[in-house]
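Written out below as structure tokens is the structure these notes cover.
First chain written, first letter: the chains are A, B, C and D, and each begins at residue 1.
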Amino acid sequence: MNILHSFSHTDLALELKDELEESCEREQFFEGITVSHKEIGKKGLKETVIKIENEAGEKQLGKPQGIYITLEGENMAGNDGGFHEEMSNHLAKRLAKLLLGRKKLLFIGLGNGEVTPDALGPLVIKNLFVTRHLKGWKEVEGCPVVAALAPGVMAQTGMETGEIVEGIVKKIHPDALIVIDALAAKSSERLNRTIQISNTGIAPGSGVGNQRNEITEKTMGVPVIALGVPTVISIPSLACDIMDSFCASQGEKMEDTFSSWPESEKYRFLGKILDAKLWELFVTPKEIDEAVKRISYTLSEGINQFVSSRTS
Amino acid sequence: MNILHSFSHTDLALELKDELEESCEREQFFEGITVSHKEIGKKGLKETVIKIENEAGEKQLGKPQGIYITLEGENMAGNDGGFHEEMSNHLAKRLAKLLLGRKKLLFIGLGNGEVTPDALGPLVIKNLFVTRHLKGWKEVEGCPVVAALAPGVMAQTGMETGEIVEGIVKKIHPDALIVIDALAAKSSERLNRTIQISNTGIAPGSGVGNQRNEITEKTMGVPVIALGVPTVISIPSLACDIMDSFCASQGEKMEDTFSSWPESEKYRFLGKILDAKLWELFVTPKEIDEAVKRISYTLSEGINQFVSSRTS
Amino acid sequence: MNILHSFSHTDLALELKDELEESCEREQFFEGITVSHKEIGKKGLKETVIKIENEAGEKQLGKPQGIYITLEGENMAGNDGGFHEEMSNHLAKRLAKLLLGRKKLLFIGLGNGEVTPDALGPLVIKNLFVTRHLKGWKEVEGCPVVAALAPGVMAQTGMETGEIVEGIVKKIHPDALIVIDALAAKSSERLNRTIQISNTGIAPGSGVGNQRNEITEKTMGVPVIALGVPTVISIPSLACDIMDSFCASQGEKMEDTFSSWPESEKYRFLGKILDAKLWELFVTPKEIDEAVKRISYTLSEGINQFVSSRTS
Amino acid sequence: MNILHSFSHTDLALELKDELEESCEREQFFEGITVSHKEIGKKGLKETVIKIENEAGEKQLGKPQGIYITLEGENMAGNDGGFHEEMSNHLAKRLAKLLLGRKKLLFIGLGNGEVTPDALGPLVIKNLFVTRHLKGWKEVEGCPVVAALAPGVMAQTGMETGEIVEGIVKKIHPDALIVIDALAAKSSERLNRTIQISNTGIAPGSGVGNQRNEITEKTMGVPVIALGVPTVISIPSLACDIMDSFCASQGEKMEDTFSSWPESEKYRFLGKILDAKLWELFVTPKEIDEAVKRISYTLSEGINQFVSSRTS
């Protein structure tokens, strides 16, 4: 739930799929996982849809069953107004598709607003067009009713975010939850250039079993859409990059060490050798303030557009 | 609940009592209301305790039954470290007395963190020593377990704050709620120089009957302590001041108009003649940023001291 | 310079002109002052251009010679995207006209970012497209070179803002200064619905003679464009409204008192009767956080558009 | 000047000295460098004073001549009020010693307030007791006159911070500048647990020769005291840690590679093999928001105490 306390080397289904493709036989790969690609608009926005359809797929990708839509674009952290417009338009469509006409919506911005790369969720919430309290809004046919909260992180509240959200869900009974969160990626090239939309909610540490920490249909009782953007690189991913650079520089000498290992093996190895104190750190780009400001604005625009388009 | 949308000309029991004293016979006044004064420490801190003991008192003062402790001091918005230390010490004692050994505490900072005089509650929450999530904390004998949230205002969330708080209370089951809020005062001299602590919770517009807007033991199911500091003057109070100045300047000519009326009559009159658009405004001191920062810090210190002193 | 410490009952030339029109003979009025009106676009944006051409005009309006452009629109604090686009387009054109091809620009956001209605200037600066440090930018023909700073107010820095700005101007030698500031208005209906653009800079307390506090071509050595939005009402203006309401309620009895006086007389009178402590207060709308956020964004967009359009 | 754009693997003279000790003969080391240690108070605060006395010392340590005082303490990012009091007391003394009775002081908070670990300088400025604008302050014998500014970083202003500061210095003529900045450290154990105070100002990239980027007595014309706290680890330092862990895990096989090299050799090697995109990242602890808040508060307290103690 909180990128800064994630245990995974990546939160992106897309990166897990890439790893799988590299290490697997083609046929084996397709068991329970389908992948499709598309170009969107004229500004270089790419969409990849990954569906995990059964337990076999779940096990292979290490992610729960569901749909994972990834939008990628070079200009996501940049100044190109046209690109941001295309992206928010497309985001509005995808939300409409995943929400299937549900009208009472609760948006939750996860993360710590005081830590720049983790402030994405709270910043999106700040710019949402909230309507649930507006008199007369509910009576208009087809209008979505939007509530929103950025509850902060456990170090600030003393409560699991899942507890706070569950309490509110049971009080106000939304039809669906939409959680917005910062994510960890493996590749620095994907930072601030990727949006992941899934219908699986957020279940950190698959199998680790901290249920209070899970925001899913199972724990909340309503469908949960998750919107995420990678803003940090995990320490193991950075370590992996550094090790690969080192091995490459050593030529034959290191041929059989590290670089040639499968990804999963690399991360297991790093988990053993790296000093525990390193896990208390995170890695983010120097221009993170500008990137988070811009992307959060585009996400808000997409959501606001979705909310308004349903009213007409 | 939200100072900026209050209908009362003052939220201070102390100011209502002063009005009553001016307009009432002494004996009548004491029906159901007791008042006591005390000097605290050496830095000019004054304490007034008002108890409303029955329905007669409730009706006279226009506030629900309970205890209203008011702390006043000239230096509250100023730089005097010694004063702030005495005040936070005393606040810690008063909290201990009102909370009667309850240990599982939920602190709620009410108000809009984006509007300077209304940011008091959210700022206090930011500096609290939160412990509920700390492993091992609960096992230690006598340790209070602190959770905290600043949920924002309805224009930001689409939800009544009462709904959010009730949802969380039903999920995490605290023994007591403590809500921190900015208040409206009548006199500009009380702004940022007064703290009101009561055991009645927050029930805006007594009798107006918006139950969702009420945070009291009745609606929450647990005792509610309210900590408030006046940071704005209500428009009717300001108008009253201006009218009094005017009447004074006119001498005999205005003798029977306004100035000589009872307070309640003045406010009824102003409610009729003032343009509706004025009610969309609020009034606050120019140095409000410094005052709110300092007072919120002293409140946090008092609470943190209370929380720590119980552990020993 | 700082709205919160202004002595004038309004900073808007438009309101001063309205007062003058009410109290003057027509011909007398036109001595040294010209006024023209225009509708802009399709969304209800109105423009009034007031030119003060000589000392006679200066004396009558109580403002220095120069051009004062006022843009007004009901939707300025609202959500209408189309309106905000028309307004930022028009603002870009007006800036181009006033800046006359000057290319090395320094933008200064005046005001206290910690006090909501005074945060307008600092917020505009946060969203500007700054270019002065970009390599290669200066070589491109016709590109404006943008630098920007929000220095804070004297209570935060210990320095007059004029001192800070003058020091920087003498070091980096811009061709023109553009200062953005929150203003005081007389009418609550103009709050957050008006932009004033002038080529006279900022000279607080005309005649009061605090030169350190002045940001004008005279003190800075380069032309100074001032962009302002009224976000507070002055206490005398509010008092005036309240008194007018009172007099109206009293019918004939008050016929010769206050209401019928000329504006200047009213303010002189209020200056005498109002308690000094009231001058330490300011008045602003309850929704000021949303209004300031939206308007500052539209101003930034207008400026960014102006800056980009000149590059092509 | 800006930690996020530093090229050095550490900004701490203490860490450079440790490296030197490891790689040098003792005698050679003492040429032009003196080092002394001390325990301060009862809470575990340690002080190391390094003096670089001539060019030989300058060359060996890669830092300009001057005094570098380092305060270290385990509890610096923690909650121990007693520790923070001892530290701010000691800081006040050290400032008094370095400032030698200079009275007109300008404090500059360097860094980007929008990026958590870089917000240290701006946060310190926010809590300073600024006095330069207070009437009567200057006349009191022995009172320091404090001005302060947090100008932001070049990506926000388009100006080198050195340009802004120089412009202001030439306008207001302080006797001394005190710059507060976040630093990069080599060891994650020093992050948020170390303060460096030096009388050398800030000269980034020794020899790189960007004079606009330098804030020293040479460029400013007045003495410059620098106060810094390491809040980020440089990428090369992290890479070095990771490589050392790897080599250790490989036993004899890697005996002659990397781990046994001198530090300078390691960093030269990493500079060659690491991908350029990694240099766009920075590394900081997960609890950085709390740490920066607490340390900035202690620094402000120390400075305010120094400023007040001189008045008596």
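Everything that follows uses one rule, which is that a contact is a pair of C-beta atoms (placed from the backbone, for glycine too) under 8 Å apart; a residue touches a chain by one contact, two chains touch by 3 or more.
None of these values were measured; they are calculated from a predicted model.
The minimal number of chain-to-chain contact steps leading from chain A to chain C is 2. Taking the mean of the C-alpha atoms as each chain's centre, chain C and chain D sit 41 Å apart. Separation between the centroids of chain B and chain C, computed from CA atoms only, is 36 Å. The mean-CA centres of chain B and chain D are about 43 angstrom from one another, to the nearest whole unit.
Counting partner chains per residue, chain C has residues 155 touching two or more of them. Taken pairwise by the contact criterion, the protein chains form one closed cycle in which every chain touches exactly two others. Pairwise chain contacts present here: A-B, A-D, B-C, C-D [touch as defined].
The touching residues of chain D, counted against chain C in their complex, run 125-126, 130-133, 145-152, 154-160, 163-164, 166-172.
Chain A contributes residues 4-5, 112, 114-116, 155, 188-189, 233, 238-239, 241-243, 245-246, 248-250, 257, 272-275, 277-278, 280-290 to its touches with chain D in the complex.
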